[in-house]
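I've put the structures underneath this note.
Shared between the two complexes below is chain A, which has chain B as its partner in the first and chain C in the second.
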Partner chain A sequence: MAIEESAPRPDKGYSLFYDPKVRGFVFQALMVVLLVALVSWIATNTYTNLRRANIASGFDFLGARSGFDISQTLISYTTDSTYFRAFLVGLLNTLLVAGLGVVLASVVGLLVGIARLSKNWLVAKLATIYVETLRNIPLLLLLLFWYKAVLSVLPSPRQSFTLPFGSFLSNRGLTLPATQFQPGAGWTLLAFIAAIVFVIGLAFWANRRRMATGKPFPTLWVSLVALIGFPIAVFYATGSPLNLNFPELRGFNFVGGFNIHPEFLALLLGLSLYTASFIAEVVRGGILAISNGQTEAAYALGFRPGRTLRLIIIPQALRVIIPPLTNQYLNLIKNSSLAVAIGYPDLVSVFSGTVMNQTGQAVEVIAITMGVYLLISLITSAFMNWFNSRIALKER
Partner chain B sequence: MNRALLPSIAAAAFIFVAGSANAATLDDVKAKGFVQCGVNTGLLGFGSPDDQGNWTGFDVDYCRAVAAAIFNDPQKVKFTPLSTAERFTALQSGEIDILSRNTTWTMARDTSLGLSFVGTTYYDGQGFMVRKSLGITSALELTGASICVQTGTTTELNMADFFRVNNMNYNPVVFEKLPEANAAYDSGRCDAYTTDSSGLYATRLVLTNPDEHVVLPEIISKEPLGPVVRQGDTQWFNIGKWVFFALINAEELGVTQANVEEMKSSENQDIRRLLGTDGTFGEGIGLTNDWAANVLKAVGNYGEIFEKNIGSGSKLGIARGLNALWSKGGIQYAPPVR
Partner chain C sequence: MTATAYDFAYVRKEEEPILAPPRRESGIVAWMRTNLFSSIGNTVLTLAGIAFILWVVPPVIRWAFIDAVWNGTSREDCVAPGAGACWAFVEAKFAQFMYGRYPIDQRWRVDLTGILLLIGLIPMAIPRIPYKKENAFYLLVIFPILAFWLLVGGFLGLPYVETSLWGGLLVTLVVAITGMVVAMPLGVLLALGRRSQLPVIRFLSITFIEFWRGVPLITVLFMASVMLPIFLPPGVNFDKLLRALVGVALFTAAYMAEVVRGGLQAVPKGQYEAAQAMGLGYWQMMRLIVLPQALRVVIPGIVNSFISLFKDTSLVLIIGLFDLLGIVQLNFADANWASPQTPLTGYVFAAFVFWLFCFGMSRYSIYTERRLQTGYRR
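Our next item is the complex of A and B:
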């Protein structure tokens, strides 16, 4: 540029040592070298120590036959399966309880958070009691409480509570009829997918028409009819291609049907109700962060309280809610590892419990387990950050 | 969480400690002044704290015997209660000096974990316990049962094999700690409880109504239980091995806690060598020559330890069975001190 040309830098006193660019590069390079050295030192040290102590090392054990059974498996698994398969079973069990826990905790947390701000004295106080009780008791105790409570309230299979649709509730868990699809069931599935596509299209169309003309369309009711009615109609039209395998009491236990174990129920309830108490506070904080003027303005425009909350307050509050909510989700996912205390076969119980003991390869197993939790948490927080940036205030 | 902590620390020990010292455990033990012994978190008769908080039991007395052999004081031992999942890592990492926690001797554990079993202090086998009200008399009737079990045990594997071979299905409910597994069985979560049969008798006694439960006759596995030390320290391994052999030999020779002093002047050469009156056998394992006499003064011989903790002198009332001396119909047999 013109200015620089007119005033060239004096050569005198210039040293590479003081050049911020060179300095920056040197220090970063030094950092990388140190890091690489540290990692390789750790790796060789571990390897040497394990070798010296005659402890097997390496990851070959993942391909060996496991030889033990797991009570709840989402994928097919037998004693002939490999340790890697056992790892997958544990991982899926963790993801199942964490995924459902996140959904349940969000729903309960949202409701309780709103209830705490209710003008109804009783509702507000009940919500306060819920939050203050649950968030002030250690989670492990809550889990043990739920497990003991679930087990001691429920009767043995022979005296089990009979529920509608051939289901039973006992201390072996909730036993439901299992569904067995017959040929032709694909049409029902297809009808359901078609209904989903239709509903999405409908929502777009209704929204655009409303933007253009201001005329509302009963999207919700039409969607419900399309989502439920259409697949049911197709189901009967194709001759009900579904068999129900009803559980029946034989020997000690129910044979047939589909069983939800009490360990799973206790863990899901314990985790989600505990996390919900924190989420409730996050939601309350988010709502209180929105100026009261917003509510008053909405009322002045003739919005009813429910709609005010849904259309005005919550969308704005979400911006405040999402970042701390991400923390709660991450906590819930990591806390699911407490499953080991109540016998739910999650990743920690199956992999860094049984597998680690049967193979004795503590370093490898613990490293894999930590890596997996790290990965799950990073993915969750990446998703939440994406969601956060999507709903962030668009400044135009 | 403390459950996950121990393996992590142990793993860290392998990662960060340059050249972890596994030689000369005896020197380390002498330097710190006590033996660090890994025991059960609470298995009546084998390793559990009594109402004053003192550790007692069959496995615990072995630890005291080792302490007596080294320090001539059975109190110079500290106990680390360990779950099944923690026990091997605790020993590998040097957290404990010796593991005496009803642990089954298997080939994999003896060869690929960097550990060595010093002997079989208790010959056991796996069994099942059920409620009497179920009205079954054989483990072969357990089809479809929910079974409570502890994680990381040979029990978990034997059970899988047993049900597979007999073409029966079952539902394992796996717990990390013994008390949790007991509580789940007690509350009716499981139809059956499985572990080594010695453990079944001990567990039955702590259930709400012990009389409502019955141990089934089938023994589905061999479970030789014994103390474990780290591989590569022959001197420490020899101490562990010979303390156990001394207990057996003493029973065979009729040396008891009460008569050990007078037996020192016995005419029997076997007894004189065992108690250190003749020979320098103690020096061979880095101890004083009266090491065995100190052990016997402190805890008594094998038979006394057995009867006091799990045999006729205890609530468990387990018969000697396989654990009787070889000369009395059992298979407990020790090489001579010579």
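Our next item is the complex of A and C:
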């Protein structure tokens, strides 16, 4: 027992009641007992309630036929698919909108954050207005606004706005020309992958050479040529194996083309513009945290403002920015669940909505949904922590 | 011969008036040269900004003011071609947006609750006013009891009002404030638990906090509305609003715990050691020495959490409660007011109300932050 091993007892007036170790032990044991009692109470209640309502338990329902359709699917899905397939469709839709949202929000946030610090009064004020407006409005309102007040009141396909490259914007969403790959298109893809490998190798080589000899190498331009020029050259060399299927107006809707649903557009725009306003503040805070001496030193060395920002300020600011930025990314991922309000078929809307209503297995469905979000959050924060430790100041 | 002073041809006896600075270096011209047109790039940006303003602002003003319909009794007034915002809709529905379907002859109870809240909140928010402890006691203990009696009623002479009749800004404020009042002590306990020496307590606190922080509020609300009834003994059934409140409070408590933890970490270790040296026990030390310092530091953080909680209350509309946003949206379906401009007008109105509250609170948070920083500012 822990009590015997502790420090020698003072001889008189000592009571076990006042021993911090004993107290801690008793307190914790009490906590565990209470928790176990609470959990078993909930478990018994759940069991009785489910028995009464005649709801099956277990995860067998995942293999059953779903019988409902989903408007946007990244993988093949029909009404004959299983509930598990529906779950995957929802999960992929969540990941799609969250992934694109993170990229878009980062770009817009970075630009707005820098703009708020601009010496240009007008630009700084516009950026401030953007941040202060969006940050103080609920995201749900923003989503509904985009969906119901902007995208839904666009004209019908017959009077749709014509955009460049044969695309149309209407209340059915954004209709783009669809790309149809012909046999032989694989070469272009291969060329693109080869270009990526080449660029990574080039970056390593250029970095090592600069470290060794101090000679810079125009990595950016060479990379751009390799990434864009080489695949295009291969594309034409193999005889342009790509057809563009332009949307055509037939009857009341478009035929052909690739349609981006208004729900997706509204969610992506709302989510990224909202999060961008928070990221802008994070970026601004990070840049302000870098002492002005760094800028002055860079100017003294002859750097121009653009390069000072890119080479001196931002790399240092990143260290301050990454942890709060991680929080914003996590928020964005979790907020993508608001899709349910505008009917975008994400994980919550498909699984916690339709599937739960059809099967009635609330406990399992909500547990799976929460588990998935927990997992996504943990993976994201693990990745960002790894990235953070890579760029963190190495104190020797 | 040596030259004396009066041999010079001219000696200035009094001071010459100071010349005005060159035209180009002062006044509005100079301000524009440095702030708007300092370089080619800046000029381009400025022109783009002006073009953007000219593109956005006039249509917005035309929509919101010039073409707007200010008075009217039905959709007929708002469907005219070229009509702008349908403010008449907001005017007609304003009482509903504030109180929901709360019985009209009982609405004074809501107003009185609001006044009681302000009586507690205003002196709390102004740092110079003394008796903060008594004030906090009023806000956290006495006011909730009074508010419950006034809003729900059913005893001491007030008729009972079902929560399903509540709506609008009333529900938004009830969810946000109850969430906060419950989450605050829970968050403090969790934060203490997370920094506790006792491994079991620490583990439980960390699990609790990380779980609630890792899942979206929607799933929490779904869980509260669907799973809570399953978790409780058969026959026990409680109201939808209360279920949402439980979910919101637990969710907020986790975030609050992290805010408070920041404050606990900011209290120097010497304070803890000094308190222990004085012979204070754990709870005495926390109550008298650590928490007063820690909570002071995190006031801005608490206000910020409250802002995000306030915005998040709008999610309760997904589980079928009618907060401000929910009730505005519900009224779009009113056939008497359905017009192409109604949704846009309603959303803009709701956005404006939310914005007013959140912007006000964020200004307050910045103000306290500045006030607390005075000692360290360079």
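Convention: the second predicted complex is superposed on the first by the 344 of 396 C-alpha atoms of A that agree within 3 Å, B and C clash if a C-alpha of one lies under 4 Å from a C-alpha of the other, contacts with A are read in each partner's own complex, and residues count from 1 in each chain.
The rule we apply is simple: contacts are C-beta pairs under 8 Å (C-beta built on N, C-alpha and C of every residue); 3 or more make two chains touch, one makes a residue touch a chain.
Being a predicted model, the structure only gives us computed values, none of them experimental.
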Touching partner for A:Leu122 - first (chain B), second (chain C), both, neither: second
Which superposed partner A:Asn171 touches (first chain B, second chain C, both, neither): first
First (chain B), second (chain C), both or neither touched by A:Met31: second
Partner chain(s) touched by A:Asn45 [first = chain B, second = chain C, both, neither]: both
Partner chain in contact with A:Arg250 - chain B first, chain C second, else both or neither: first
Touching partner for A:Gly67 - first (chain B), second (chain C), both, neither: first
Touching partner for A:Thr133 - first (chain B), second (chain C), both, neither: second
Chain B versus chain C as contact partner of A:Gly239, first or second or both or neither: neither
Touching partner for A:Thr354 - first (chain B), second (chain C), both, neither: first
On chain A, positions contacted by chain B and by chain C: 42, 45-46, 48-50, 52, 140, 148, 337-338, 340-341, 348, 352, 356, 362-363, 366
Residue ranges of chain B in contact with chain A within the complex: 1, 3-4, 7-8, 10-11, 14-20, 22, 84-85, 88-89, 92, 108-109, 112-114, 134, 143-146, 148, 151-153, 156-157, 159-161, 163-164, 170-177, 180-181, 183-184, 187-189, 191, 230-232
Chain A - residues contacting chain C, complex: 24, 27-28, 31-32, 35, 42, 45-46, 48-50, 52, 118-123, 126, 132-133, 135-141, 144-145, 148-149, 153, 334-335, 337-338, 340-341, 348, 352, 356, 362-363, 366, 369-370, 373-374, 377-378
Residues of chain C defined as touching chain A within the complex: 34-36, 38, 42, 45-46, 49-50, 52-53, 197-201, 204, 211, 213-219, 222-223, 226-227, 229-234, 307, 311-315, 317-318, 325, 329, 332, 340, 343-344, 347, 350-351, 354-355, 358-359, 362
Chain B-facing residues of chain A, complex: 42, 45-46, 48-50, 52-56, 67-71, 79, 140, 148, 151-152, 156, 171-172, 250-253, 255, 261-263, 337-338, 340-343, 345, 348-349, 352-354, 356-360, 362-363, 366-367
